[in-house]
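First chain A sits with chain B, and in the next complex the same chain sits with chain C.
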Partner chain A sequence: MLTYASRRLLLAIPLLLVVVTLSFFLVRAAPSDPAQVRLGAYASEAAIEAMREEMGLNQPIWNQYIDYMSGLLRGDFGRSLVNQQRITPSLTRALVHTLQLTLAGMFLAVLLGIPSGVWTALERNRPIDYLGRTLSLIGLSFPSFFLGILLILLFSIWLGLFPVVGAGQAGNLSSILRHLFVPALTLGLIQASYIARVTRSSVLNLVSADFVRTARSKGVRERKVVFKHVMRNAAISIIGLIGLYAVVLIGGSLMVEIVFARPGLGRMLIGGLESRDYTVLQSVLAVYAGLVVLFNLLTDLVVGVIDPRVEYA
Partner chain B sequence: MPDTTTAAQQDAGKRRNASRRLRTFLKNRTSIVGAVITLLLVLVAVFSQWLAPHDVLKQDVFNRFTSPSADHLLGTDGYGRDVLSRVLVGLRISLTVGVLSTALGLVFGTILGTVAGYYRGRVGEVIMRSMDVVMSFPGEVLGVVIVIALGSGLWKITIAVGLLLIPRFARLAYVPTLSIREEAFVLSGKALGMRDLRLLTMHVVPNIFSELLVMATLWVGTAVRLEANLSFLGLGVPPPTPTLGNMVREGVDRIAVAPWLSLSAGFAIMLVILGINTLGDGLRDVTDPKLQV
Partner chain C sequence: MSLAAFAAAQPSEGNLRVALAIADSASLHPHIVTAKEDRGIVATIFNGLVRFAPGDMAAPFQPDLAESWSASEDSRVWTFNLRDDAMCHPWTNPATGQSHPGYQLTAADVVFSLQSAADPATSAYSGSYLGMTFEAVDDLTVRITSEDPISEVLFLPLVANDSGGLIMCQQAAEDLGDDYQTHPVGTGPFVFQEYVPREGVVVTRNPDYFRDPARLERVTFTYMPSESSRKFALRNGEIDVISGATQDFVEEMRTYSGVVVDVYGPGQTVQLHLNMTKPPFDNLHVRRAFMECLDRDTTRATVGIDITENIYTLVPPYMPGGMTLEEVRAREAEDGKSYVYGRGTEAARAELAQAGFPDGVSVSATMTAREDYQSYATNAQAQLAQCGIDVAFQTVDHATYGSYRLGDAEPIVAYNVMRPTADVFLTQFYLSASIVSIGTNPSLNFSHIGAVDADGDGQVDSVDDLIEQARVETDVEEQVRLWQEAQLLANEWAVMWPGFGFNFVAARGENVEWGYELKSVLAGFPLINEDTGFAED
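After this line comes the complex of A and B, so read on.
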């Protein structure tokens, strides 16, 4: 098991390297110049040139790249081009907020999605099934920012139950949770629609399988058939697919953070874009891609744990 | 199919198959609902210029944020512009970007996927691994960066969303190509000395294209969502052109006093995606016999 985990981890490293490199060059492909953005439209040629020199943008791109990569190996994302602050601390703070949101969203999604997927599969072609399928289709079709706005209207403006913006006071757990609930629900409801669909179809594929029929004809109780025979097998494909949808979850978190003004990676990305802060941008991009790789890795490992057929060697 | 079947028999078989598919599609009530919603929205979008009751750009400072009334069915926005007219025109822009960017993704994704599947080896590996890299960024995140690099505007947004869809289509094209390249008709073509390009365009692509086209309708919904996300972030087609995402964004600040602004544009986006997703679901049931019961 341990060798399987470390092998999987080793395989993720080249992908991460490529992703970090791509982020570095992609950001620099943008047409406008950070020095120009910082000094404004009326700055003189000479002032912009001096600012470029100060920002280190006149160095050959390969030098900048090597500096960046060697910093990364030491866990240092460098300094912001705009305010010269170290990026690593603010990136860590933003990452914490984004992780809180995505993990809470994922938790709600699994909590809502898996039971409703199983239920609709077992009640196939009955009213519950139609209702569940319609709801999940609607959930799939909601842009996350719009669902967020609807939930703000409902919970914060009409019912006055939860605060609208921000992430709560640091260190105050109840404040953090109160600020987290509506954004996490936004993400969770959308993600739950995906999970309910894949759960329903994987359970449906299994309820007609031979070994399930055998179990039933042996007289195994229905509850046991569902939980032991069907669910254990369905869990594997469901978890794998949840990993695939991590991209949707993390992309949705960007939108939700903007709607709810949460100080996460999404806000850092947009802020960095406005000031063309290359170093902040490349770091945020790398962390986003790293998150996707991490989620995929985690789901692979969970599948490895629960499915003895996965090759560890 | 056995060697003795004639071309006429094969044609008849194909026709039977097509009519069976059509019947399956018509029996599926959900897909009918999806088709009707989508068709209506497309018609509305095409004729939006004539359907819009007011000029989308005409400002009226005395009627800002008026609530829905007989004259302005969905109220007015912060410049006194008619929201209904702007939603209708915004719908056209959303659908235009959605369809064109999907087409872009389909064409380039198919090229990359079939080339990777046909040649396999190092070429295939390089192509498909780079697709993996692109897909390890969430669409919204990468979309933001691409738009910044390209700049905004209708065509640039279309290209940005299209670029995001290329890896999806490349994967869809790659897998069936792997098995088609081993089929007798490809191998015999090769034995006859056909060139790779000709084999790809005459034998490989036609065999997978219909399935890809069906999948493409599903991705139009995603394309519309990505465009809406980008324009909600203020990176879409620039104002004063109405886009649905932009209208939701303009309404957010006034959500407590003038909720119709965000709500009407938001529901329009949702309805488009819902219609396309429902239709796509029906189409997939028809084309994927494994899912039928």
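After this line comes the complex of A and C, so read on.
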């Protein structure tokens, strides 16, 4: 398995190179530039030109590309074009906030999605099933920013249980968790809808399978049938889905970070986009691409562990 | 304050928590910042030689770092006598880790700072200081010499506590180098403590401030681009001050107990410029049809009556050189010409018929997705359609729009703007050298005044002489008259629709006291100074 994982990681390198190269050139193709945005329309042409020179934007684009890539190979994302801050520390902090949110959202999604999916499958065509399917449909239809606002109203404004904004005080677990709960629930509820529906259909496919009928005919208790025979097999497709949606969750965290003013990758991306901060933009996109590769790899590895049919060739 | 703890501290600690409607600061360098939120931050850290009266930019200037000042008879040489108790804040160089004590600000610092403000390489406002030289006569005397005479109305804003007039401390700026962008050092009531990208900025009370030390112990600025987040945070007591932009914001905030809403000037003027080099706006009558069609009150009603006020000339009426409706009407009667327009559909259609377009005209233009532009642009679009002027807007993000409108490709350009003086307004928007993209000093002359025949007589029309005469006129009354003449000509040529002024909007907890009456702040963000505090203090 180690060989397989190493090979997958090596194969990811050219993919990441392509993503980084594309993002490098695409962000520069957008109209406007950081010097113009930073100085505003009040500035004279001379001032804007001087700022372009200072930012290195007057260098040939290939020189800029080689500078950026050589820094990247050393693990250095360079400096923000706009405020000259080193990007790596900012990116690390933002990544921590985004991963906290994504993993907590995924945890809640699994916690809510799988049991409700199993329950509705076992109660097929009964009121619980209809209720579960309706709720999951509502969950699928809700934009995350709207759900976030509703949850803020409920948990923060009306009940006064959780704070609205920020990521909490670094090093203070209680503060971090209190700031994390409502945004994670926002992400988690929507993903739970997906997981519940896939779990329900997987379980429904399996409850009528031959090996399940055989187990029942042997007198195995229903709970054991469900957890040992049905769920173990259903887990393969569910974990595959969770891996896939982990990637979607990272993307979905963008809107949630805006609504809850969490300083994660999404906020960094939007800020970079507004100010046309090329180095920040391409760095965040590179990290997003890296996360996608990493989550896909982890999913494959976990599926391999629980599914003996998978071979690491 | 540890990282990510912005907005977590309690007001009882004397900490004013301010939410900023931006994702991050572009810079904290006083001569580079342009966003009102960033200007609000640096205003707590720096002083000018003189200062706008807190909360009222129309009131006479007050002494700040300079105790007194005088001008030569020809208004070319200005001399400032500095106070001897202004101290530059202490600072730590993040690159070397070395700490430096504060030191007394002298004329050398002021000269360094003004030279920096005049240098295009280090300042977004360098154009305002062209032809000026700065010298330190002695430690506490600064002399500024202008090539041309310059009136008090034009000169004092350049050395006041905003933009290029904010005085940097030379030793700190030289020691910090590029890091000065994010480690500003000044003489103001608050000392910069920390900037965390995308999270916020903290400033703390300056115990050595030359006025009384600030009532607040600290101010925590938190970046919070989502308006709904800011509103919730204020309601939940996590934030003390937030900004808004819309009538809905004002009405919603007024329904909450414990929240006070401030609507204040000078706001931004809303302008629609018509490019006279692009058909159909190369035709005077089509431009007049455009102006006749648009009814300010209708547009304002959709944007918000509480947060807007009509304007009738490029320069808003509350600034020297601007004109009220009564003043413009009086000139219409006197001159027998139209300067205001807005008579409605029939008048607009009559102009279109006179232009040879009885069936109307169609125009394609780009428009920014930003809400403050969309709110009036869509309304104007609907009004124009009723008059036979079919405007198709393609919506793009604001940075892209900024690039397009500076590229001279747009027949209609929307611009929300505030400038410190009538001269800056007129120079940027009406001087021929400022024609966008192709002028000798390209700026914001979107209409191409000064390069085309604006009144249909076959001659190129310009207001350059009026603007340039006004700039060196030291008699303020005559200066104002020249500015007004230039604007009335532009109105006659129907090159720009001066719609209305958007006032700024902020909401605060009822225990927050600005320490002054908030009428207008040039920077656009409420000034947080030594008098700002909590009611319990």
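Everything below uses one rule, namely that the second predicted complex is superposed on the first by the 311 of 313 C-alpha atoms of A that agree within 3 Å, B and C clash if a C-alpha of one lies under 4 Å from a C-alpha of the other, contacts with A are read in each partner's own complex, and residues count from 1 in each chain.
Definition applied: a contact is a pair of C-beta atoms (placed from the backbone, for glycine too) under 8 Å apart; a residue touches a chain by one contact, two chains touch by 3 or more.
As the structure is a prediction and not an experimental result, all values here were calculated from the model.
With the C-alpha superposition on chain A as described, chain C and chain B clash in the combined arrangement.
Using the contact criterion defined above for the overlaid structures, shared-chain residue A:293 touches chain B, although it does not reach chain C. In the superposition on chain A, contact of A:19 is made with chain B only, not with chain C. Applying the stated contact rule after C-alpha superposition, one finds that A:85 touches chain C and leaves chain B untouched.
In the overlay built on the shared chain, the residue A:42 is in contact with chain C alone; chain B does not reach it. Contacts of A:259 after superposition on the shared chain: both chain B and chain C are touched.
Legend: residue contacts after superposition of the two complexes on their common chain; A:101 is shown touching neither chain B nor chain C.
For chain A, the partner touching the most residues, choosing from chain B and chain C, is C. By the touch criterion defined above, A:187 reaches neither chain B nor chain C.
Legend: residue contacts after superposition of the two complexes on their common chain; A:27 is shown touching chain B, with no touch to chain C. Shared-chain residue A:171: touches chain C; no touch with chain B. Clashing C-alpha atoms with chain C appear in just one stretch of chain B from the list 146-154, 182-190 or 200-208: 146-154.
The interface of chain A with chain B overlaps its interface with chain C at residues 30-31, 149, 152-153, 157, 258-259, 270, 273. Within the complex, the chain A residues that touch chain C are 30-33, 36-47, 49-51, 53-54, 80, 82-85, 90, 93-94, 97, 149, 152-153, 156-157, 160, 163-171, 175, 258-261, 263, 267-268, 270-271, 273-276. Residues 15, 18-19, 22, 26-27, 29-31, 133, 137-138, 140-146, 149-150, 152-153, 157, 201, 247-248, 250-252, 254-255, 258-259, 269-270, 273, 281, 285, 288-289, 292-293 of chain A touch chain B in their complex. Residues 2-8, 19, 23-27, 32, 34-35, 120-127, 178-179, 181-182, 196-199, 222-226, 228-229, 232-233, 235-236, 238-239, 396-400, 402-404, 406, 415, 417, 419, 428, 441-444 of chain C touch chain A in their complex.
Only residues 30, 132-133, 135-141, 144-145, 148-149, 151, 221, 225, 228-229, 232-233, 245, 248, 252, 255-256, 259, 262-263, 266, 269-270, 273-274, 277-278, 281, 291 of chain B touch chain A when the two sit together in their complex.
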